[in-house]
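Labels A, B, C and D are assigned to the chains in the order they are written; within every chain, residues are numbered from 1.
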Amino acid sequence: MKQYASGRHFLQIPGPTNVPDRVLRAIDRPTIDHRSAEFAALGHDVLEGMKTVFRTSQPVVIYPASGTGAWEAALVNTLSPGDRVLMAETGQFATLWKKLAEKLGLEVVFLSGDWRHPADAAQIEAHLAEDKAHTIKAVCVVHNETSTGVTSDIAGIRKAIDRAGHPALFLVDTISSLASIDYRHDEWGVDVTVGGSQKGLMLPPGLSFNAISEKALSASGGAKLPRAYWSWQDMLSANSGGFFPYTPATNLLYGLREALHMLQEEGLDKVFERHARHASATRSAVRAWGLEILCQQPQAYSNSLTAVVLPDGHNADDLRNIILERFDMSLGTGLGKLAGKVFRIGHLGHFNDLMLAGTLSGVEMGLSLASIPHNKGGIMAALAFLSGVPEARTINTVALQ
Amino acid sequence: MKQYASGRHFLQIPGPTNVPDRVLRAIDRPTIDHRSAEFAALGHDVLEGMKTVFRTSQPVVIYPASGTGAWEAALVNTLSPGDRVLMAETGQFATLWKKLAEKLGLEVVFLSGDWRHPADAAQIEAHLAEDKAHTIKAVCVVHNETSTGVTSDIAGIRKAIDRAGHPALFLVDTISSLASIDYRHDEWGVDVTVGGSQKGLMLPPGLSFNAISEKALSASGGAKLPRAYWSWQDMLSANSGGFFPYTPATNLLYGLREALHMLQEEGLDKVFERHARHASATRSAVRAWGLEILCQQPQAYSNSLTAVVLPDGHNADDLRNIILERFDMSLGTGLGKLAGKVFRIGHLGHFNDLMLAGTLSGVEMGLSLASIPHNKGGIMAALAFLSGVPEARTINTVALQ
Amino acid sequence: MKQYASGRHFLQIPGPTNVPDRVLRAIDRPTIDHRSAEFAALGHDVLEGMKTVFRTSQPVVIYPASGTGAWEAALVNTLSPGDRVLMAETGQFATLWKKLAEKLGLEVVFLSGDWRHPADAAQIEAHLAEDKAHTIKAVCVVHNETSTGVTSDIAGIRKAIDRAGHPALFLVDTISSLASIDYRHDEWGVDVTVGGSQKGLMLPPGLSFNAISEKALSASGGAKLPRAYWSWQDMLSANSGGFFPYTPATNLLYGLREALHMLQEEGLDKVFERHARHASATRSAVRAWGLEILCQQPQAYSNSLTAVVLPDGHNADDLRNIILERFDMSLGTGLGKLAGKVFRIGHLGHFNDLMLAGTLSGVEMGLSLASIPHNKGGIMAALAFLSGVPEARTINTVALQ
Amino acid sequence: MKQYASGRHFLQIPGPTNVPDRVLRAIDRPTIDHRSAEFAALGHDVLEGMKTVFRTSQPVVIYPASGTGAWEAALVNTLSPGDRVLMAETGQFATLWKKLAEKLGLEVVFLSGDWRHPADAAQIEAHLAEDKAHTIKAVCVVHNETSTGVTSDIAGIRKAIDRAGHPALFLVDTISSLASIDYRHDEWGVDVTVGGSQKGLMLPPGLSFNAISEKALSASGGAKLPRAYWSWQDMLSANSGGFFPYTPATNLLYGLREALHMLQEEGLDKVFERHARHASATRSAVRAWGLEILCQQPQAYSNSLTAVVLPDGHNADDLRNIILERFDMSLGTGLGKLAGKVFRIGHLGHFNDLMLAGTLSGVEMGLSLASIPHNKGGIMAALAFLSGVPEARTINTVALQ
């Protein structure tokens, strides 16, 4: 049993994110008959609404499943056993997607990366250009690497594929960017986009998505990987009437409809600006502390999370535990090879300036309490950014006590 | 937009069932960090709690998925492409499970049935006895056919398999019986039991389960069907710490914990008695109306739903629509070949005598309004059963005001 | 600790009534600053909305208080110590209002009644006609006596006062009729109408109302009873901006706004028809049982509740306890001199045909279990009324299974 | 309609306070029969629980009313028309209580104050000592002045009354101190303590309280102010069975039970320490900004709110509006003669370090945006206090941009 904690928990992992009361209350409604006209109206609303979020006019399907399920769906609907896929190693989630592909019997060409840079369009282009026989059937990229806070340039990779004149499908994971960072399924020529509910969509986990291009749909006709639960055909056929081929997660769909209303009320462009602003403020704080941002390419900085590197000899999980115990805030742990080396600040979803100020204050106090060498005043830098009123002169650099 | 309806909707389809306020309120809580100690406690609670519901001491896994996903999981974890499985055609869901198996590349021996009787243990025994080469790798049976209201004798089928001395795995679907009708995973020697959240467990849809025998787990080592999302190995490994290999549907797990508390407070045996009592009362009403119960074998009557056959020339969906419009009650439609011929009354989950009385009253009025030939007084028969006070010989005729 | 009860409790007392989920969810929102513009919008909405419910264009005030508080407010704002008021003894609530008036230092002329008839307009007229000196300052009548299920004719009493040419104020309690039974504050020339939240308005208890005529407002200028919390002046002055003179019960106001939306969606006239229909159906059942309706004047039957008289020698509370224990339904007890002699069935608020059928089924079974002499089939009579399909001459006798 | 605001509103007025989800969810439950055994258990729980909060073994009564109602109740139950009461002018709420007393027909001796100091025990003693005839029937003091953030020394005033040997009753308002600042009804010899739900008790507004000494109860026997709704006698008589003399605000009582559990889980002493800590941190920030705390006596600093004085020529409401619009935070306005001159920061109720950090960050940014002369770094001072890690040297004083 968790010790009593007064006040509201700060859930600042990069997802699941803070679920708004409006969404929770929407979910907290009696389940209805999933074969009723009332349900069909709900089904249509969310299926159409999701298209605006993916910026697509092509079909989107909704699975009662975690994001991992939607990864699997993207692969099994388009590929056949033994097919080669080209994947870019951007971090832990790219690595997990690779392992999943291998479990399904695919052969993965993994373009290695250092987890501090985005996927390399030129490298992808080069590989594709060499693949004269078109043995590579798909290129898989994570748009926003949740483990590192690095965002890859999907439009650029699309162009690279086109330059190589390669027919591979283009599959993109937007689990931690969708509804937080600008993304355009149609304009960028993506074939399957994978999304999840528990990040920018502000929902609890339990729903995931595939946005599907004409080309992907057509590829699914010849794809031989066995599939049933994930099969697009059954799904799309039932969806046309607002229904699902098996019992959908109705209450989460209530929440999705409410979240779509909220995104529409705020406006997607403002949502993206807000995330960009909070990300900039966070990086201001990190720089003021004198700490290192994991991402080494400024144009690839993620707007939904920031991974911060601790100085050698300091364990990020010790810091996270101190912050959790003292300030009731959850921060993201370092995943995979980053374990203990970085912590991640989620600044996405249902969030605002003062929640960010509380978050960065908690980090700043935690750094002191954990005796991590740093300059004080990261919070001051963030407030200066957020208010648009520059800090005068310099805040004194303060030595650690 | 649905027209305004005063009062509470009667959701009397055989699932999703009426979700209790306690469960909805439990779900309506902020999502937490799925890697925290607080989450691990939740994970342990629900994983252990589910064992009591399946009456097993062996592992249970929980998927963020519909029941269809758990069907798929049961197959892909234990079987290899081309494996033969023996399935009993008890109704629409058995048929759907068969189709799913075929999509996954399995070869199904489908023991045909008339949708009015349970799976035939003798027929299963005969088939297995003939299969000297043990080419049949699994026997798949639906415990309670949601499309027909017929319950098969799982213990009896276990004995039949044993009598045949056949090593096939025994896979059972309890989606609409779990926590409603007595079921014993261990005692009955079942290898994989498939369950879902939205029926007797009183939750919204979105979670499903596999209870896994030692033998099944061992079979999974050699099973060659590709799998990742459904893979037991990753799941069990993460579960040992109270965690999940990918983001779990945390808020539904809150609801599951509450539902498990409720089942424990009532006591599983009382839960089963209650369902048996409501099923008997429902059949009393159906008989009094002079209508036919679809299930033709009294010992196979389902305790969670009753499918009622309409007289020739009358469409069950017309009746259902009248009842929905006039009385705001959802009843189950006839599925597959039963479309239009039967309607199904769900009497499972969070339910009580007066909810049943309201339900049967709605059916009785609907029969009148739809001009379905019937005797009046089904509700009287049900009340006599429920109160334990037999109806007097004649009901006084009362003039209408 | 209450024993575990499966399914939904039937709250069939004549208030508090079953609160709809929509209202509960509206209440379940963070409290806001009661001095903010957002609050002012809420304040305006509910103050204006309540006028439509009282059918008035004059001011309505909302107290964070029970209905008893609104009784007190009606008196202390309009009267002075020692003032004489004429009250009609319609039942327990009329008696309690009289006691309250006496506690406040008023002199009550109490027109005695037998608790089975409405207030007698002729008797009121006679009293007023005799009061040449106009020592009577107010006439107080309960529109719908919650303790008896008798509705008085407010329009008729207004005419009686007018015929007597008497200047007394006319104060009316509509606590259990508002939003259930047709009521017209302006058209019927009522000076103060008293209402409460927990009946036809479908809210939890905690809010109460005064609708105030010009004449009443003017009388308040000279009224000498001390008042502060209940003072209309401060209230109206703050209300003009959408605010309140002290902290309002914000969350209940959220619920009120939602309830007003629901009433508007259904339409007040349909709301009244629905209540009339359920009341008729209930009386059909009572007559079929051969039991006596407490109200002895058919045109005064209440549409929001029905009080049923038990045969001599039978205790209504024993019956109520059996029904509560066996069927988890709360019925209203006999109040004051009716204790043990009657039980009351609430059929008001958020209610529908099948909830009523469940309710009457519970009563019918309870009558059997408590061995109260009665004819079976009250539920059949009610269903015949509700469906509009008359019962056949004879109900087929069906043997019990 | 309020513009869409992402993230959680910061409700930092000194009440209503941020209502915890646990409390909101408790309130969001179906209303039950207020005459049932289940209700009686609830009634007992909350009536007993409130005694621990008031630190009394004497009766506590609960009104379905705002705090203003409980003020009125304290007076009408103990006093007679024309009685003299001694009140200390600590601020706006003391002034409102005085006006209320006058409206009820009491004669108030109002010890004038400058709204920046606590009630003066010596002055009270002197007045009482001079009142040889004991014409003063009650001394009324506001424990924590919500309008000023000044806390009076109730134990000290008790001693002053005792030194004067005066029999006056001692009535204390703890609306904004109860469950936030140490308070002892019995030990400090208070006769009536007035409390409300929407501050330290973390509930929405709508409940208020009187804790009643033996002496006060005995005084009520002879008190002649008319009373009915507020009458202790009826209330205590019904309370003995766990019930109420009129319909209670059942759903708010659900919330109260949950809030009492939460206070018990945290422990009242820890609750008080937490409030003291947050108040100290807040004052650190105010001092660092170079702004003036309204309260001029350090031992009288309030732990539940801090009122901050703006430099001449600056309007506090302009600042508050900027903060509301830019950062979605509500702060308390200056009341009465302090209008425009001060703003108030509520730091009470369900609150924690990071919520405070967010709050103070919002104020700091607001000061910049509103061009209020101040030194930057208040938030740094607060973080130093909260973390226990002192700021090194000094944060540079920064001139306003």
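Just so it is clear, contacts are C-beta pairs under 8 Å (C-beta built on N, C-alpha and C of every residue); 3 or more make two chains touch, one makes a residue touch a chain.
Computed from a prediction, not measured in an experiment: that's the story for all the values here.
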Result of counting contacting C-beta pairs for B-D and A-B, higher pair: A-B
Selected pair, out of B-C, A-D or A-B, that shares over half of its residue contact pairs with C-D: A-B
From chain A, the most remote chain by mean C-alpha position: C
Mean-CA-position distance for chain B and chain A (Å): 36
Inter-chain centre distance, chain B versus chain D - centres from mean C-alpha coordinates, in Å: 54
Multi-partner residues of chain B (at least 2 other chains): 8, 18, 25, 28-30
Residue numbers on chain B that touch chain A, as the complex places them: 1-2, 8-9, 11, 13, 15-19, 24-25, 27-38, 41, 63-69, 72, 81, 99-100, 103-105, 196, 198, 204-206, 225-229, 231, 245-252, 324, 330, 333
Chain A partner contacts - residues on chain D that touch it in the complex: 4-8, 10, 18, 20, 28, 262, 265-266, 271, 274, 326-329, 350-355, 357-359, 361-362, 364-365, 368-369, 376-377, 379-380, 383, 386-396, 398-399, 401
Chain B to chain D touching residues, read off their complex: 21, 25, 28-30
